[in-house]
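Structure first, then comments.
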Amino acid sequence: MGQEIMERIREANEAVITGIDDADIAHWVSIYIMGKAYRVPADITLMQAIEYAGYRFVRGAGCRAGFCGACATVYRVAGDWRLKAALACQTRVEDGMYLVQIPFAPAEKPSYRIEEEAPAGTTLLKHFPEIARCVACNTCTKACPQELEVMDYIQAALRGDLKGVAELSFDCIQCGLCSIRCPAEIVHYHVAQFARRLYGRSLPVPGHVVERVEEIESGVYAEEFERLMSLSREEIEELYKKEQREKGGLKSDDASRVTRNGQGEG
Amino acid sequence: MPNEAVPKSAKASASPQTSHITRYAVPYFPGCALKDQAVGFERSARAALLRLGWELKELPRWNCCGTVYSLSTDDLMRHVAPVRNFIRVQEMGEERFVALCAMCYNTLKRSARFVAADLGRLSRINAFMDEEPDYRGGVEVLHLLQFLRDEIGFEEIESRVEKPLYGLKVAPYYGCMLLRPREVGIDHPDAPETMELLFEHLGAEAVNSPHKVECCGAYQTVANPGVVRERVREIVGAVARRDADLIVTSCPLCTYNLERHQLSITGEEKTRHGIPILYFTQLLGFALGVPEGELGLGGAAIDPRPALSQLVGG
Amino acid sequence: MAEELKLVRGYPEYMLESIERVHAARAKRIEEGPPPAMSMEEREEVLRFHPDHAPGGKRPLKVGPNKGDIAPNEVADLLEAYPLVDPAELDLTVDIDAEVLILGGGLAGTTAALWANEEGIPPDRILLATKLRHGDSNSIMAQGGTQAADKPYDSPVIHFLDAYGGGHFTNKTDVLRALVEDAPFIMKWLTELGCLFDRDENGEFVEDWGGGTSRPRMHAARDYTGMEELRVIRDEFRNRGFMLLEFYPAVELLTSPEGRVNGAILWNMEIGEYKVVRAKAVVLATGGFGRLHIRGFPTTNHYGATADGLVLAYRAGAVFRDLDTVQYHPTGAAYPQQIVGLLITEKVRGLGAHVVNREGECFVYPLEPRDVEAAAIIRECYERELGVVTPTGMHGVWLDSPMIEEIHGEGTIERRLPAMFRMYKRFGIDMRKDPILVFPTLHYQNGGVETDPWGRTNVEGLFVAGEVSGGVHGKNRLMGNSTLDCLVFGRRAGVAAARYVKELPDQGPLTLGHVEKFVEELRTAGVPEGRRSPILLPDYRGKRVLARMIDLL
């Protein structure tokens, strides 16, 4: 029984893992990888299409799930003058796509000793004076595959609003497309990373964490652990089942409400 | 186009008990400095305007004005930032706004005139900003001093003064951006009177001086501080010799220069304790009875509180 | 994928009937609650459907320190394989000399570098080498959270119990104790570095439930937890001036004649050149094996998860444990085809979403430990035939994500699960309004190189941290304990490596003697010559193109 189910599962996943069988494909599209035409199955991702065409990624593929920014791609669709940006792993192919990947953005990051930097707006300008060159053209926002308001967070950086930068830039995966397109040559994601760290450091470590660390360091739990280690397997299992059952009296909706990165809702 | 230097008469004044109810609101552009280095300027402005029955409505999602105004005539890119702010105003359903920082005022007003002068420029900028609604043109850029003078009126303001500034000698410092070029100046470029009239309506004595309309040195403070020190020596020296208690400005950069370089002047030219620099809204707010805590006086490099506390009943 | 399908709200029309049943039954399901958690006996019963229990997937190893022990076929194929490089053809003149060499640039490797430095090794004497970019790892995709028992209602002892029971009481207890006792310190360290974890209105950490936890202790940064942790420590790494080599996977370790690990051969994947690195200690932090697609499952893992570290360590004589178990995350995306296998974080269930079959019924307690949950879903789809079948033939069940909005208020999904919301939006599905389809996906290497609580292995000079290690999770890992594993043991391994190198006068001459010995063992065991490892990258190139490929340059 077990083996039969495994075979059925393996078969169902065949297309995704070992590649699609050409015989199964009903619809095709043409895409142009750095100008070269390739006929690929419709309805797959750009990343799958580039591999189908015969490329084996060394650069240009990372998490394959939209978290790492390795597969940043710029493209135009035939007949449309607009330049678009996307993540290859998260974008479906379109007929007539002309694309190229940009797997690396040259972007210097200044070194700093974070413990010596004040959580103030002037700190950002000190290390990234070029943010004052922002002309509010919004090109960065249009280039962002995560649809973030990039210009808005640079504007927040300009006026020293670290919390604003943190909130607006949080989902940034540092693909670099904004910085490549920026006419003012700002390196947005390095500014944002710095601002988020500064903001994070301006929030105190919650008291409950500090207390617990002190307790552990002073050996408060040593005795309990010794006792636990001396129990038999059955006794431990009973303890485990009890905790799983009772959950310390807590209920499933005992989790606080939170806003983005910081202060909660009242 | 010459500007009127004569204050218009005010709207019907409200009785003091209702002065905290805002019956009116005007869109407001803060600019970057007022959110960081010059928070006192904004705070005092909000509080003072409230006392006059007005609310300052901050533009949503405003962006840096891009100061200073770009002098290259084929550079449309530098007008994108100001125009985007004008679109915000129109998205609020409004057709005018006030700025406090003189540099923001100057940059925004000149940009407004630039796109108004040639519709081709406006349509190209609108086409570039394809993710925004078009700017329809016509947004009026005002400086708060203009607004106080022409819309609210100095007599109305006088009627609401709670702490008259009798005995206080206040020197206005206009600098450049409020007055030049002529087309965007809020007053006569060589002999302005707006601030003096305001001070007098608040009960203070205005201290005129010949350097009140000269440049403080602006961004030369970064690479060429010696130049700024010379300017400040002249500007402050002139008002010191006229026994001014305070200097009043409308620009965070002027304030920065006048404070920092005053403190670096030594020798017989050094004023004894340093003359404090206030934003006009802080002086206005003080006279209107705004509590000190809401005026942001603590941020000043030279403490103005001793000068203010010496007032009769103050 | 064969016919042109009409899509409604992102789903093929034929699925709508089932979706409507999910919507219709929701109110009642919320009122009644899910089925109760399983008893230990019921857990054993359902585990028969776990892929680990189905025959045909594993075999005893023929060679090496764990000869006779069971490992998945795909892993055994790599362990029983010949080296990529021919020892006779390599010149072992040292190119780079370091005190500590760290292999792998995820959470574990980066943390090891920082703490080796904290312990006194100058940054320009520490080399971090990665196969792809620094940060390309499974760590960066971790979504739901990091466990730490730092609230008054919780304690490290309870955390220990949860992980021990979840691991079927097979975890190495001294290592597990180190994990749970270090956890609050790690949270403090990360916060002081500037990490932004979710907080409530009092500034305290918001902590959620996870599968198999008896207290809510999952610390999260939206659903970008791994990314937030890694990018902060990576930023700190970049500030300090370490040596860094990207796109330079290790293809062999180097050993002294006595068998002490003292370096590695790194290979530049872009140009083909190799570098010989000499080090006094090597920290192996090479991550997992999802791209081996064990049993033909899709995976949540990143592109480079090909078990390289296991291969290298095995040849050097490292002992493994618990390789006979593989973690399948219960909820990988099952639709649309473009995202099959990608992680749907446990946090979705932690926030209350039910696991629902085709008929709209919640058929299992949503927060069982992962192996139990995954088995239950497989049973529901393939034995009870109550799953939904996708156009590509995958079976799946629903995760009723709209419940989250109902329980916690509108806007919760955008706030707490922005990455997932964004992913589904890209493919035309609004997970706030419609449920999402899931099926188990290959996720985590439970076992690996055995260590002591300081990341030390049975091989001198070799330290291990993170997913590639084995013992701390036993035979099944709980949510939120993997990022914790990387951080705790990245630190411990870094510290231990630093202390070790300070005592070590000389690491001895570099040889590939251990590889030559291993090759002998392979030949004796009759392993066919064609098999080579590590494989470094999976190969997804189109079959038709591959059939016409020749290497002419």
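Chains: A, B and C, in written order; residue numbering restarts at 1 for each.
The definition used in the following text is that a residue touches a chain if its C-beta (ideal position, glycine included) is under 8 Å from a C-beta of that chain, and two chains touch if they have at least 3 such contacts.
Since this is a predicted model, take the numbers as computed values, not measurements.
Novice: Find me the chain with the mean Cα position closest to the mean of all the protein Cα atoms on display.
Specialist: Chain nearest the overall C-alpha centroid, as shown: A.
Novice: Could you find the chain whose CA centre sits the greatest distance from that of chain B?
Specialist: C
Novice: Taking the mean of the CA coordinates per chain, how far is chain A from chain B in Å?
Specialist: Result: the chain centres lie 43 Å from each other.
Novice: List the centre-to-centre spacing of chain A and chain C in whole Å, with centres computed as mean CA coordinates.
Specialist: 16
Novice: Between chain B and chain C, what distance separates the C-alpha centroids? Give it in angstrom.
Specialist: The mean C-alpha positions of chain B and chain C differ by 58 Å.
Novice: In chain A, what residues contact two or more other chains?
Specialist: none
Novice: Write out the stretch or stretches of chain C touching chain A in their complex.
Specialist: Counting only chain C, the residues touching chain A are 1-4, 37, 40, 48-49, 51, 53-57, 132-133, 135-136, 140-141, 148-158, 160-162, 164-165, 169, 173, 177, 181, 184-185, 187-188, 191-196, 198-209, 212, 214-216, 221-222, 224, 226-228, 231-232, 235-236, 238-239, 241, 247, 269-270, 293, 295-298, 300, 302-303, 337-343, 352, 378, 382-383, 392-395, 407-409, 415-416, 418-419, 422-423, 426-427, 537, 539-546, 549.
Novice: Quick check: in the complex, which residue numbers of chain A touch chain C?
Specialist: Going by the criterion above, the answer is residues 1-3, 5-6, 8-22, 24-27, 41, 43-45, 48, 51-59, 61-68, 70, 90-92, 109, 111-114, 146-147, 166, 170-171, 173-174, 193-194, 196-201, 203-210, 212-213, 216, 221, 224-225, 228-229, 233, 236-237, 239-241, 243-248, 250, 252-266.
Novice: Please output the residues of chain B touching chain A within their complex, sorted ascending.
Specialist: Chain B residues touching chain A: 32-33, 35-37, 61, 63-64, 66, 77-78, 80-81, 84, 128-129, 131.
Novice: So in the complex, the part of chain A that touches chain B is made up of which residues?
Specialist: Residue list for chain A touching chain B: 120-122, 134-138, 141-142, 151-152, 155, 158-161, 183.
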